[in-house]
Amino acid sequence: MTVGLEHYLTVSALLFGLGLYAVLTRRNAVALLMGVELILNAANLNFVAFARFVDGGVEGHIVAAFVIVLAAAEAAVALAIVLAMFRNFGTVNVDTVNRLKR
Amino acid sequence: MADHLLSWMTFAPVIGAAVIAGLPGRYKDLTKWIAAAATAVPLLLAVQLFLQFDRTTAGMQFTEHYTWIKSFNIEYFLGVDGLSVPMVLLTALLSFLCIIASWRIDKAVKGYFSLFLLLEAGMMGVFCALDFFLFYVFWEVMLLPMYFLIGIWGGPRKEYAAIKFFLYTLAGSVLMLLAMIAFYYNVKDPVTGGHTFNMLHMMDQANHGGILDLANVRFAIWMGLFIGFAIKVPVFPFHTWLPDAHVEAPTAVSVILAGVLLKMGTYGLLRISYPMLPDQAVGFMVPMAILGAINILYGAFCAMAQTDMKKLVAYSSVSHMGYVLLGMSAMNEVGINGAVLQMFNHGTITAMMFLCVGVIYDRAHHRDINGFGGLGLQLPVYTSVFSFALFAAVGLPGLSGFVSEAMVFIGAFPTHRTITIVSALGIVVGAAYVLWMLQRVFLGEKNAKYDSLPEISARELFTLVPIGIIVLVLGVYPMPVLDLMKVSLNHLIKVVAG
Amino acid sequence: MLQIPDWSDLGGFLPETVMFGAFLLALLGDLVVRRRPVVPFAIVLAGALAALALSFAGLDAPERTILGGLVAVDGMAAFFRILFSLIAVATLLISWASEEIMGRTRENKGEYYALIALMTGGMMVMAEARDLLMLYLSLELVSLSSYVMAGYMRNSLRATEASLKYVIFGAVSSGVMLYGLSLLYGLTGSLTYLGVRDALAAGAGDPLSLLTVCVLLLAGLGYKIAMVPFHFWAPDVYEGAPTPVSAFFSVGPKAAGFALMIRFFYTTMQPAVDRVDWRLLIAVLSVATMTFGNLVAVRQVNVKRLLAYSSIAHAGYLLMGFLMLTAEGLQAILFYLLVYALMNLGAFLFVIALNNSLKSEHLDDYAGLGFRSPWAAAMMIVFLFSLTGLPPTAGFIGKFYLFAAVMHEGWYWLAIVGVLNSVVSLFYYMKIARTMYFTKAPADAPAVPIAPLHYVTMVLLAAPTLLLGLYWGGLKDLADRAVQHFTAL
Amino acid sequence: MSGDLVFYGFALLTVLSGFFVVASRNVVHAAFSLLFTLFGVAGLYAQLGADFLAVTQTVVYIGGILVLVIFAVMMTRIPRSDAPRRGLDRAVPAAILSLLAFALIYMVIVGTRWPERATGAPEATVAEIGTGLMTTFVFPFEYASLVLLAAMVGAAILIRERAPADVADDAAGDGEVRS
Amino acid sequence: MSEHAILLTALAILLLPLLSYAVLFFFGKKLPRQGDWLGTGLLGAAWLLAVRIFARFWAAGDPGLRVEGGVRWLDLGRFTADAGILVDGMTAIMLVVVTTVSLLVHLFSIGYMHGDRRYERFFAFLGFFTFSMLGIVLSNSLLFLYVFWELVGLASYLLIGFFFHKPSAAAANKKAFLTNRVGDFGFFLGILIFFTAYGTFNYFELFAAAHLDPLSGGLLTLAGVGLFMGCVGKSAQAPLHIWLPDAMEGPTPVSALIHAATMVAAGVYMVARLLPLFDPDALLVVAYVGAITAFLGATIAVVKTDIKKSLAYSTISQLGYMVMAMGVGVASAGMFHLWTHAFFKALLFLGSGSVIHAVHTQEMPLMGGLRRKMPITFWTFLIATLAISGVPFLSGFYSKDAILAGALAFGMTKTHYVPFLLALAAAGLTAFYMFRMVFLTFLGKPRDEERHHHAHESPWTMTVPLVALAVLAVVSSGWRGPTDGWFSRFVAPYDMARIVEEAPGAPHAAETHAVPAAAHDAHDEHALPQEPHGGPAHAEPATEGTTHEAPAHGEAAHGEAAHGDAHDAHVRHQAHITAMVLSILVAGLGILVSWLTYVRGRISAPAVLARLPRVHHVLQNMYFFDEFYAATVYRFTLWFSWLNGAFDRLVIDGIVNGMGYLTRVLSWFAGLADRYVVDGLVNGVGAAIQGAGEGFRRVQTGRVQSYLAYACFSVLLLVFVFRAL
């Protein structure tokens, strides 16, 4: 069986699932954000795969490039917030941050 | 003023409210005088309306017709016919008297009177509006002042009563909103062919189309409207907001609540439900009569069980509004004229009763029926006035309540024989609770606690006597009011019942 | 079909350009004149006003694609530009007198105003995106700025927590949405809305894949408009963030999210309706959203949090109009969004104004405000009534149009659920009114001075809320004009 | 089928290291695992003919994001913040949800007839991407710069050291109101 | 006196008391002597006018003559109702009764009520009552009959409760009003049935319509019984008589006027007036109710020691006679008894009032020997007693005798003897208890010296009415029966043929008919329209009433009636003589026993009573009517109203509040969802996997992730649900 679109998509789906799992379970905020990166990579892989097999152009690549840029920006802001959290709460455990509820 | 009479009646109180709102809070007396003036204007205009109203036509008069929102065919359309004129008169009169009755309010005077004036504007608007949208707006506009009037100036459980009133009424009116929209999309303006909110167009079955041709849709809309109005009337089992609201509201507000607001439910049925869905109205005749009978008897029995004077009067309203329903369900001239006359009469009589309860409450600071006794000797004038009101409520001949009740029965009997017979028991039970209360409060040995209660004041008498005169005059000769309404109502019933 | 951007395209892109320019200028101004936040404030305010003035030009324009075909400029875009400029102006005025933003110990005041300018521009772009890439980019720009603004009070535990939750929820949602976008790209082989639309019309995609795509996309979009079940962040963030920011969030990004959804779904997903009944899907979510929002709001005692839930409920109402796929529904949404912006900002402003002196958002501390601060309380009543949807306020008209659109399309059950929800909402809005008027203030209740600027702003919000309830023809025309050339219909 | 073998190699690398990212208790370990994942993805990009992206992935992600992550991990000084697990109460439902999500997507992947029109990998993408970024996608390109600027400003707002003058004022607690 | 003048005079008679009421009510306190002269004077004027009308009809001598006039009161287009005045012979009689007694009571009250703090109010109320009562008499339509019917009820309420500070009075007036309302309920239904069937309230239009087109059987009976219920209430017939004894709480002049002479007779008047509307079945009910009431009242009166209570039961008994007269087909005899009874019963009450005024008690055991102290009172009282006992040559004899004769004839023709027997027994008892009253009060030794010592004859304002009434008690009969004396010039059975002819269809012009004397055989009662109709005359099922279609049947009935005439006349004549003899005998027996018991002491009343403890117990407690009602009607009503109130509070309101509560609960759950379910869900899924009961114990909160999990779960749920759809 030749490696085709479905193979890439499956890998991406696995990455997505792993990312989701990380997001749902990791208590460490930084580790949690790594899960987000996994999801974004899964999406990116899709884009590139589709560009290769469906579109044939480079639009998918361009999108993926933008996503990488935005992921960087997002990571910057998110990590800044984690740092602020660490400074205010003395921890990066998201479980401990639950003052707002009801 | 003459050519915009209805607008002036509706918006004069608003102007008054605006002036009061702009007035510094320390001018309490001036505030009251302005309020009195702002309600006197509609009253005088109402007199003019009464004199100039053409009693020979069923059509709308004093109409004012302007485009309001062009893109949705919403119009500013006012007008009155024989159905609305008595209600307008009632509103103008009671509002004015209630301002006088509220003279001793000294908590947040400014707010009280400006809200009261807004309330009057809303009521006037409901009775004058001929555009459904406009009608709905006025209908809802009353809620706000009412809510605050009960909630701020009310009794101990005012918060509960106010929100209960508000929730109930809103629940009813949102159903009406949906019915209104359904009408809008399925009624054609015969001139332009577009959708319309014009009630007169909605009443013409020839303009109906779309889903309005489906019987089950019509029934659904009828039920929506009916529940909306029934809550206001209030029809059993939607009535439980009423005792709470009445009891907790300040006197003048109870008067307005019972005297005018309850009428809006039946007015809405006659103005909207009946002519717009005549087939459903005829089909709903028997349930309506049964509900009327339940209201009459249930209200009366509940009234008998009360120990709070105001609550008793409140339940008596439930009972008396049952007569209106019964008369409306008769689907004949006598019945419907009796029903509308009963609306008017109940407005005046119950107003007297609430004012009277207010008088004693101001003095004794409670309303427990069992806490009084023998007041007849201490307060002879007050006793006479209250007894007058109570006997009017009992339906004593010579007073207006009798005429309308008798007309209701005469009208309903051929249509709903058994139901009418059962309802007629109401005249016995009705007398029972009233007389029992009379006995406990005014007769018997004097309660020494109340040796120094002052007699009713001139100002209070001023609020009661005009209504009393109306009650008496209409009891002896009811035609002045019947003449106003009969042509329109006969036309209505011809349209509905053929 | 290569569309090469042209400088002249900027002519149709002026308000955004102005806002982004204001952002850069404000940053620059803040760097040059330290500790004088009035400079960035003035720059951004001027920018917002200029953008507002410039926005009216495009109302009647038919759709024109610019900047490489990635952005559409039409009447609806113009309407949202007007809306966002107005929101920006109001937010600026609200923030300027707010202790939470302008308190003595606060830092980065200049950057705060710059971020408002940036977000406003970003929201405008959201309303104009017509390409999956732009959809994602514009969303991300607004989201990133939002995270920062939520955490603006960086020493506040509440604010930090809010921004943390916001960023986690937001990042995951947008990631999931991106995944959905990638699948959509795969199904249709196109990134532009029109390309996707054509492919879908040609039969691309089977029910399951389209359903999955829809749901994944809704994760990202629904999070922006706080739709159940993607609403969870909203109450926490609204409560934790500085109140002016919450006020801004509750109207700005929400409206932008709707703008984005409207353009995306109306343009691209319409042909897919036969394979995936996303209208029903959204109807269910709409019911869930308004019901949940209203029911939970009933139990709140923190006014800010209460308003947060109420804004969730309002998203539910708006969704009703959204799924109608008619011009009427669209007009109703536009109308409602503007009215909602007025009244919700007003209600939040009241909380902010009180927070300055009261230092409390707890409902109990509002006791007797009707007499302690009668005019402000009266205006709050106007906002609350409008939020409930009672005449004669603009909120009623907005709801009326929504319900009318729903009824016209025959979704009667939805309309009934909607009106019943209005009744429920009355209960908690009146809870505020009740506390302010029916509950006696404690004897030692502090005075509640209200900043003059807040007073003025409140009047500026309350007056139209009331007047639009009496005569709304102009606004209705505006909404009608905005959608007249909306080609997706 | 050496290409296939390469794919499987990269895919395995990606997924396995991804699993370690998720499963590792040590955040630093997780971060390093993420490095391998990203590298694996870069390899897959290369397999797909996306040479430019492969390079970008390697440079930006691995060079940028990961450094940022590790930097943050170091700064927060808690390499083992995932305290001893107290059971499976969270992991199991999360695993089920993730599996379901995966299953759903997998169903979509195999159930859909993807419109595979393209015949082969593009030759060199760099030029095309460059042209695209300078023509059609010039606006997003500029827009992304705004996003980056916003991120920069935002990060600065959030973690910039306070001026000493402000610190004293802050002792009384900040912005906490009765809620 | 032209027809117009008669109507105007009648109107003046009606309005003069109203004027008295209005002036005294509003300005009485300011007038000299608190306006008693004004009220009395106006009543005097009314009396003069009434006498004038009386004279006019005396001169005409035609009981069928009637004058009607009215104005349109309600006009709704198709529905109209008129307010009108009807004057005919019966009216003239009633006018005289009402104004005479009222005038004398006014006069009497000047002395009796002297010094009361609400003196002027009393006269005002008397005026109001007189107005209302005259309204009943003068109305020409059922609607206005009902109107004034209710108004006399109000007047009665006000006057019974005149001493309202006494709790007993306050209870009594309520009881009176409510009991009457029960009757009015039926009355009103009867009116409704007739109006619905014939579309008019006017008596004579109704008579004509009902004659030409009778309602089908059941409905007509029902309507008749309904109307009669009004009479039962107002005229204190069993079982609604309970209010009348209590009504004695009112001042004694009030008892004389309202509760003896006039108002209570209104029921009798009403039945007499509306007789053509009653069918035989309804009349049978009337006869039995009347007879039972007559007997019941008399038996209770025997054991009562309170002089006014005893008189009240006597009144009930006498009213029973009158009602029975209506039922057995001698309506004019009933009216005649109403006429005579009005005077002697008013006299008895005023006399008792005079006594009470003197000794300040109503208990007969505390009186005795007042004959010397109060000679005028004694003699007048005695005359009245003789009259009521049916002693020949006094007015009561002639009227009562006519009724007994009618009852006997009824029994003979219809084989319903029970009414006659009960009435006869009542006659004997009447003589007994009336003389017992006289003996206990005026003869013998004073049993309370203190009271006796202070007793004195009343002032002239009180004695003049007594004397006047005594004269009337003697002469009012004219020493002839109702059908053969002067009374027949006024009251005679309706001439249906003439009524039909004068009905709206026929021209209304000729009011002053010269009726051929031959048309009216004085002895002939047969023209009472329904009486000749046989039992099965109205056997059709009750349908709409207007759909009566049996002309042949109707003719047959008429023929049968004509056939029966001669036989009936014979029976009547026989009955008359028998009844006269029997009534004299029982009256004499009653007087004798009374004399033996209370004067001679031959029979010991306590001993007799002791031997009949049960009977005594029952009588002393008035057959337990009050107790029965207290245990059933009152209790049920109160219980039911309590139940309704509770139902309203708990169930109806409860449902609504419950819904509110439900909303709150729901919101609480939603709040829970917000807070816990998210976690709980996650945990719950875990628990489901690991085994029940494990999950919730270890609640781990990781909020943001819980949110995410929930969102994720919802998304998947949505997808799978929609996939399934």
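Read from first to last, the chains carry the letters A, B, C, D and E; within each, the first residue is number 1.
Methods note: contacts are C-beta pairs under 8 Å (C-beta built on N, C-alpha and C of every residue); 3 or more make two chains touch, one makes a residue touch a chain.
Since the model is a prediction, treat every value here as computed from it, not as a measurement.
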Chains contacting each of chain A and chain E, listed by label: C, D
Per Cα centroids, the chain farthest from chain A: E
Pair of chains whose C-beta contact count is the highest in the structure: A-D
Centroid comparison with chain B (C-alpha atoms), farthest chain: D
Closest chain to global C-alpha mean, per-chain Cα centroids: B
Centroid spacing, where centroids are CA-atom means, of chain A and chain B in whole angstrom: 65
Distance between the centres, which are taken as Cα means, of chain D and chain C, whole angstrom: 29
Euclidean distance of C-alpha centroids - chain A vs chain D, Å: 4
Distance from the mean Cα position of chain D to that of chain B, given in whole angstrom: 69
Multi-chain contact residues (two or more partners), chain A: 9, 16, 19-20, 23-25, 27, 32-33, 35, 44, 49-50, 54-55, 59, 62, 66, 70, 73-74, 77, 81-82, 84, 94, 97-98, 101-102
Where chain C touches two or more other chains at once, by residue number: 133, 137, 140, 144, 147-148, 151, 154-158, 163-165, 168, 172, 183, 186, 189, 208, 212, 235-236, 239, 299, 302, 305, 427
Per-residue multi-chain contacts in chain D, two or more chains: 90, 94, 97, 101, 104-105, 114-115, 117, 137, 140, 144, 147, 150-151, 154, 158-159
Those chain pairs that satisfy the touch definition: A-C, A-D, A-E, B-C, B-E, C-D, C-E, D-E
Complex contact set, residues of chain A against chain E: 20, 23-25, 27, 32, 94-95, 97-98, 101-102
Residues of chain B touching chain C in the complex: 68-72, 108, 111, 136-137, 140-141, 143-144, 147-148, 151-152, 158-159, 162-163, 166-167, 170-171, 174-175, 177-178, 181-182, 184-185
Residues of chain E that touch chain B when the two form their complex: 73-79, 143, 146-151, 154, 157, 161, 164-167, 169-171, 173-174, 177-178, 181-182, 184-185, 188-189, 192-193, 195-196, 637-638, 640-646, 648, 652-653, 655-656, 660
In the complex, chain C residues that touch chain B: 370-371, 374, 381, 385, 390-392, 396, 400, 403-404, 407-408, 412, 415-416, 419-420, 422-423, 426-427, 430, 433-434, 437-439, 471-473, 476-477, 480
Residues of chain D defined as touching chain A within the complex: 1, 3-4, 7-8, 11, 14-15, 18-19, 21-22, 27, 30-31, 34, 37-38, 41, 44-45, 48-50, 52-53, 56-57, 60-61, 64-65, 68-69, 71-73, 75-76, 78, 81-83, 90-91, 94-95, 97-99, 101-102, 105-106, 109-110, 114-119, 121-122, 125, 128-129, 132-133, 137, 140, 144, 147-148, 150-152, 154-155, 158-159
